[in-house]
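Here chain A shows up in two complexes: once beside chain B, once beside chain C.
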Partner chain A sequence: MSRYAYFPGCSLHATAREYDESIRALAGRLEIGLDEIEDWCCCGATPAHAIDPESARLLGLWNLAQAAKGGKAPLLTGCAACFSRLRAVREEAQAKPALAEEAKGRLGHPIDPDLEVLHIAQVLTSEPVRARLRAAVVRPLGGLPVACYYGCLLTRPRSPGAVDDAEDPHLLEDLVRLVGGEPIAWPLRLDCCGASMTLPRPDIVHELSGKILIMAHERGARALVVACPLCHSNLDFQQAAIAAKRGFDFRLPVLYLTQLLGLALGLSSRQLGLQRHFVPVPVEELVPAQGASRV
Partner chain B sequence: MSRVGVFICHCGENIARTVDCAAVAEAAGQLPGVRMATDYKYMCSDPGQNLIREAIQKHRLDGVIVAACSPAMHEPTFRRATAGEGVNPFRCEMVNIREHCSWVHEDRDAATRKSMDLVRMMVEKVKRNEDLFPIKVPITRRALVVGGGIAGIQAALDLANSGIPVVMVEREPSIGGHMSQLSETFPTLDCSQCILTPRMVEVAQHPLITLHSYSEVEEVKGYIGNFDVTIRKKARYVDIAKCTGCGICQQKCPVKKLPSAFDAGLGKRAAIYVPFPQAVPNRPVIDRENCIYFKNGKCGACKKLCGPGAIDFGQQDELVTEKIGAAILATGYSLYHIGEQDGDLRGYPEYGSGKIADVIDGLQFERLASASGPTGGEIRRPSDGKVPQTVVFLQCIGSRDKSKGIEYCSKICCMYTAKHALLYKHKVHGGNAVVFYMDVRATGKGYEEFVRRAVEEDEVLYLRGRVSRLYEDKGQIVVSGVDTLSARPVEIRADLVVLATAIRPQSDARRLAQLFGVGYDAHGFYSEAHPKLRPVEAPTAGIFLAGACQAPKDIPEAVAQASGAAAKAQVLFSREILEREPIVAKVNELTCAGCFACQAVCPFGAVEVHEIRDRQGRLLKTVARINAGMCNGCGTCQATCPSKSVELAGYTDEQVFAQIVALVA
Partner chain C sequence: MTTQSATLGARVTQATGQNPFHCYQCGNCSAGCPMAGRGDLLPHQVFRHLQLGLDDPLRAVQPWLCVGCQTCATRCPQELDLSLVMDFLRAEAIQRGTVPRAARRMAAFNRVFLNRILAGGRLSEVELGVLFNLYTRSPLQNAMALPSLLRRGKFRLGGKRVRGPGEARRRAGRPA
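And now, the complex of A and B:
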């Protein structure tokens, strides 16, 4: 079993608890060892890095230093924003060795500039986890048409440490195919959902997330797959409000990548936290029970 | 004892500001072998040169050193002055105390000391200089033009009309290049084919032009004035001497639906085809890959129907060798494709990577707008043939974007995009034309006025900003971009999108450059000898450049450069005998061991194997011998030779070591 320094980030302990639950449930099945980093703190996302880059960097360095206490185990996170921030700080530390010294001086712990920072999707596509995942499928998705939605941060910024091509990724589609789903071709998978504008300018979120939901629905998706808690919040929690405003009456279930894969592995709705969603996930409709085939 | 004169130039303030020229002259005057030394404000001026001339006479100098600017600038000036007084010009040398000293240093004392060092070194070299005499080589009075686009055509006609025979090599079945594909040309909107095709015919009919169409250069040997070029004439499977160009073969060929490269993939052609009706030569070629006869030996319709019996399925490629004295490279450009992911090129998946039918490039739009094009000049989109009501033009696709792999400006797109938008508005009344641009660079004669005409008279909407995504939705293309002047995101539903994709060199431009020994930049554009003062010459003697193979260019510029290249070639051909600098290597055949390490390192292929035989013809020794015509005087052989048997005239080991000793001793 390979072990990872797990960085849940604030969302996965709060609004995105089901993401955390499903990551842990999946990890249990796929021999992914998660050791939650001790005393982790905010990754430095939106508020800090928009207003005070220095604080953003220190927050990132703090978390990298905490992770380094666990030795060489790569840092693993599920949140696209945490991933983006921690990777950015790690790359900055690689480029400027003085930063590692600074971290030691100001935070009391050294950081390891070579520490790998990984997103859960990367771990799932890497061997041998991928092979285990394929072997563990007990309830294949039977060609379920799914819209994979990357949002803005999962593949960006473009750099050698990025999960995939910034403009033409296929990581999520590969995983969905691996468990029997059929990713649809659609153009908005890398567009912005409105992100944290959800508080100051909900109208922007309604516009942007509405466009994504309508397009995914029109192109025949029965579910959206995401890998970011903020995207999930905008697309799931806000969906009713968006529908009212944009005048549509369909409901599109929004699943975390780990939840969808978990279903294929036969994990229960409760294990995956599906009951926490605002848009209900009709599991029996989406995924045929074992043995049944989709028409 | 040598009698060297040293002249220190102030170059106005350029040198004197940083270097104490009088002190340098005084120090030089103390050196053994130096007869006199002086400084002067402008050595290159008439009085400056007279100073040298008078000193040669007065002091009976046998060596002259001018410490001034770069020898690239004034060496010929001072050597002429020296030769005028009866001293061998190669006994005159320059020391560069401007570019190598005053311009790059600030500390006056240090710069002065450095100048003294440089002068002292040169004194030691000049003391050991010998008389050298230019190498005389005969010139083959015949030029090669590679590429039959507008640049090649212009160069060939200029040369031929001045009485110089020309060999033109064109890779495609017809000459004409990209210009033959264009609809109308900016900024005057004259029809491209109407102005080009008469010139193509002139090439074909000119008694002094030999045209090898459907041919490629395979090998280049020799040097300025004396090249042997091997040309592969690719098999057309049509005997162009017998063929009358009647066209029955392409009418009757059963394979008709092949994409026409001439129509940028929008039109169709047969497996035996003439690329376009005005082709020169107006003779077809068989596309072997797609011909039924070549696939399974069955059809042969063309052969059966050809009256003059010109079809020859057994035809083979033919190699011909042409002797020429100079070559003009005019290989033109290729267009970047947004699906291209190769090396630094990242492609544009956000624009569909070229898979959206109604996202086309500039050349495709030219074919749509051309009266001879697949739609007869009506603007109809490729997917369903509908007339688009909204067309969005995107500039700088690939160009000016380091993250996409190309940082340079493609230069011609601002103008052709304005032309496209204007042509569209003229052809589709009431249609909407929108242009996304970064900057509008309209700097040619009449260009800015042309762009303003598109904006003001034809109401083309110009939005300054980039487009982040193109995607198909309900039969249209959604264009998501930003208008940076109003700082607003913009979303437009377009029926057709035209991309002004980057101008790149031909994909195999590097291969051709290597054949001719021509340098190229990181993108493969050919390097000129000097960016300002020698813009049409390649650094390799006898090779000239014309058109977009050197950098993106529009028609007027390509034509001007082609005429410039032709004029430069005429200068070469105006002489019977070519004089070359005698700075070439020579082998000491007594000590040469015949290891040929020199041959392995020579970049110019100048080292030949020479057998020394006695009178009975018995082989005594095999040695290296330098072909002085091909040697460029780089000295690599001299540095490599294990037995120290090769020396470069004017740069012998003795001279170089004496300079080093003068510096460090």
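And now, the complex of A and C:
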């Protein structure tokens, strides 16, 4: 079993609890060892670097230092924003060796500039986990049309540590296909959902996330798949408000990647935290039990 | 208009490593920006103004609309990281007191968020929402969401506090 220094991040302990639950459930099935970093702090998300780059760097160094307490185990996170921030600071530390020294002086712990920073999607696509995942499928998705939504920070910026091509990624589609789903072709999979504008400018989030939901629906998706808690919040939690504002009456379930894969592995709705969603996830309709036909 | 202008572009380069003069105004950044057209300057116009020695990007709302999606940085043929420049412009606008009125809600959001992290290390989105409402004097915004978040177990009191990073920041002299 490979072991990872697990960095859940703030959302996965709060509004995105089901993402954490489904990551842990999936990890248990696929022999992915998760050791939660004890004293992790917020990655700083957008607001820290937005107004105080120095604080953002410090938060990143703190977390890299905490992760390094676990030795060489790669840092693993499910949040696209945490992933992006931690990767940015790690890359800065690689480029400026003085930063590692500075971290030791200021934070009392050394960092390892070569520590791998991984997103859960990367671990799931890498061997031998991928082979285990394929072998563990007990409830294939039966061609379920799924819109894979990358959002911004999973694939950007373009750099050696990136999960995939920044403009034409296929990692989520590969995983969906692996468990029997059918990723749809659609044009907005890399467009921004409105991100952290939820509180200061909800009008912008409603417009941008509305476009994404409508496009995915019109292209025939029965579910959206995401790998970021903020995307999920904007597309799921805000969906009723968006529907009221944009005047549509469909509801598009928004699943974390790990929840969709978990369904194919036969994990229950509860194990995957699907009951925590705002838009209901009609599992029996989406993924017919073996032998039954799709509704 | 031009008193500090020659220095703004130079300071951008010094602080971010991004030289505004490398921009040749292709407009790729503005074409892909999800916030383009909602503010005053488009992203490529911010760079033109920096080239021209103007300091009005410090009073522009565009940097405050930037959510750091990095679409611009990914597509810039000159490999300029515009997000870093927007970060710098925001921090500089705060220091010089030039944050425009139209950006106040975004500025408040960023401030409340960062203060919260530097105090307790971890963030609860619900607490953030409550604090943001108090800060912006709109106490009832999203109030209806609270019971539904509680019901779904998406808000729990008494999370762990991690004070190390905030203490380190204060030792280093946190800017106002």
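The rule is simple: the second predicted complex is superposed on the first by the 292 of 295 C-alpha atoms of A that agree within 3 Å, B and C clash if a C-alpha of one lies under 4 Å from a C-alpha of the other, contacts with A are read in each partner's own complex, and residues count from 1 in each chain.
In the analysis below, a contact is a pair of C-beta atoms (placed from the backbone, for glycine too) under 8 Å apart; a residue touches a chain by one contact, two chains touch by 3 or more.
For clarity, every value in this text was computed on a predicted model and none was experimentally measured.
Q: Quick one: on chain A, after the overlay, do chain B and chain C clash, or do they fit? Just give me the call.
A: Partners clash after overlay.
Q: Applying the document's definition of touch, where does A:55 land relative to chain B and chain C: first, second, both, or neither?
A: Touch status of A:55: second partner only.
Q: In the overlay, answer first, second, both or neither for which of chain B and chain C A:284 touches.
A: A:284: touches no partner chain.
Q: Name the contact category of A:11: first (chain B only), second (chain C only), both, or neither.
A: Second partner only, chain C.
Q: First (chain B), second (chain C), both or neither: which does A:168 touch?
A: In the superposed model, A:168 contacts chain B only, not chain C.
Q: Of the two partners chain B and chain C, indicate the one touching more residues belonging to chain A.
A: C
Q: Could you look at A:249 and tell me whether it touches chain B, chain C, both or neither (first, second, both, neither)?
A: Once the two structures are laid over each other on A, A:249 reaches no partner at all.
Q: With the two complexes superposed on chain A, say which partner A:187 touches: chain B (first), chain C (second), both, or neither.
A: In the superposed model, A:187 contacts chain B only, not chain C.
Q: Would you mind listing the overlap between the chain B footprint and the chain C footprint on chain A?
A: 158, 167, 190-191
Q: Taking the complex as given, what residues does chain C use to touch chain A?
A: Interface residues on chain C, with respect to chain A: 34-35, 38, 65-71, 73-75, 81, 84, 86-88, 90-91, 94, 105-111, 113-114, 117-118, 121-126, 128-129, 132, 142, 145, 148-149, 152-156, 159, 162, 164-165, 168-169, 171-172, 174-175.
Q: For chain B, which residues are in contact with chain A within the complex?
A: Listed in rising order, the residues of chain B that touch chain A are 346-350, 353, 403, 469, 471-473, 478, 480.
Q: With touch defined as at the start, can you tell me which chain A residues reach chain C in the complex?
A: 10-11, 13-17, 39-42, 44-55, 58-59, 62, 84, 106-107, 152-153, 156-158, 166-167, 190-192, 194-197, 199-201, 204, 208, 233, 237, 275-278
Q: Considering the complex alone, what residue numbers of chain A touch chain B?
A: Against chain B, the touching part of chain A is residues 158, 165, 167-168, 187-188, 190-191, 215.
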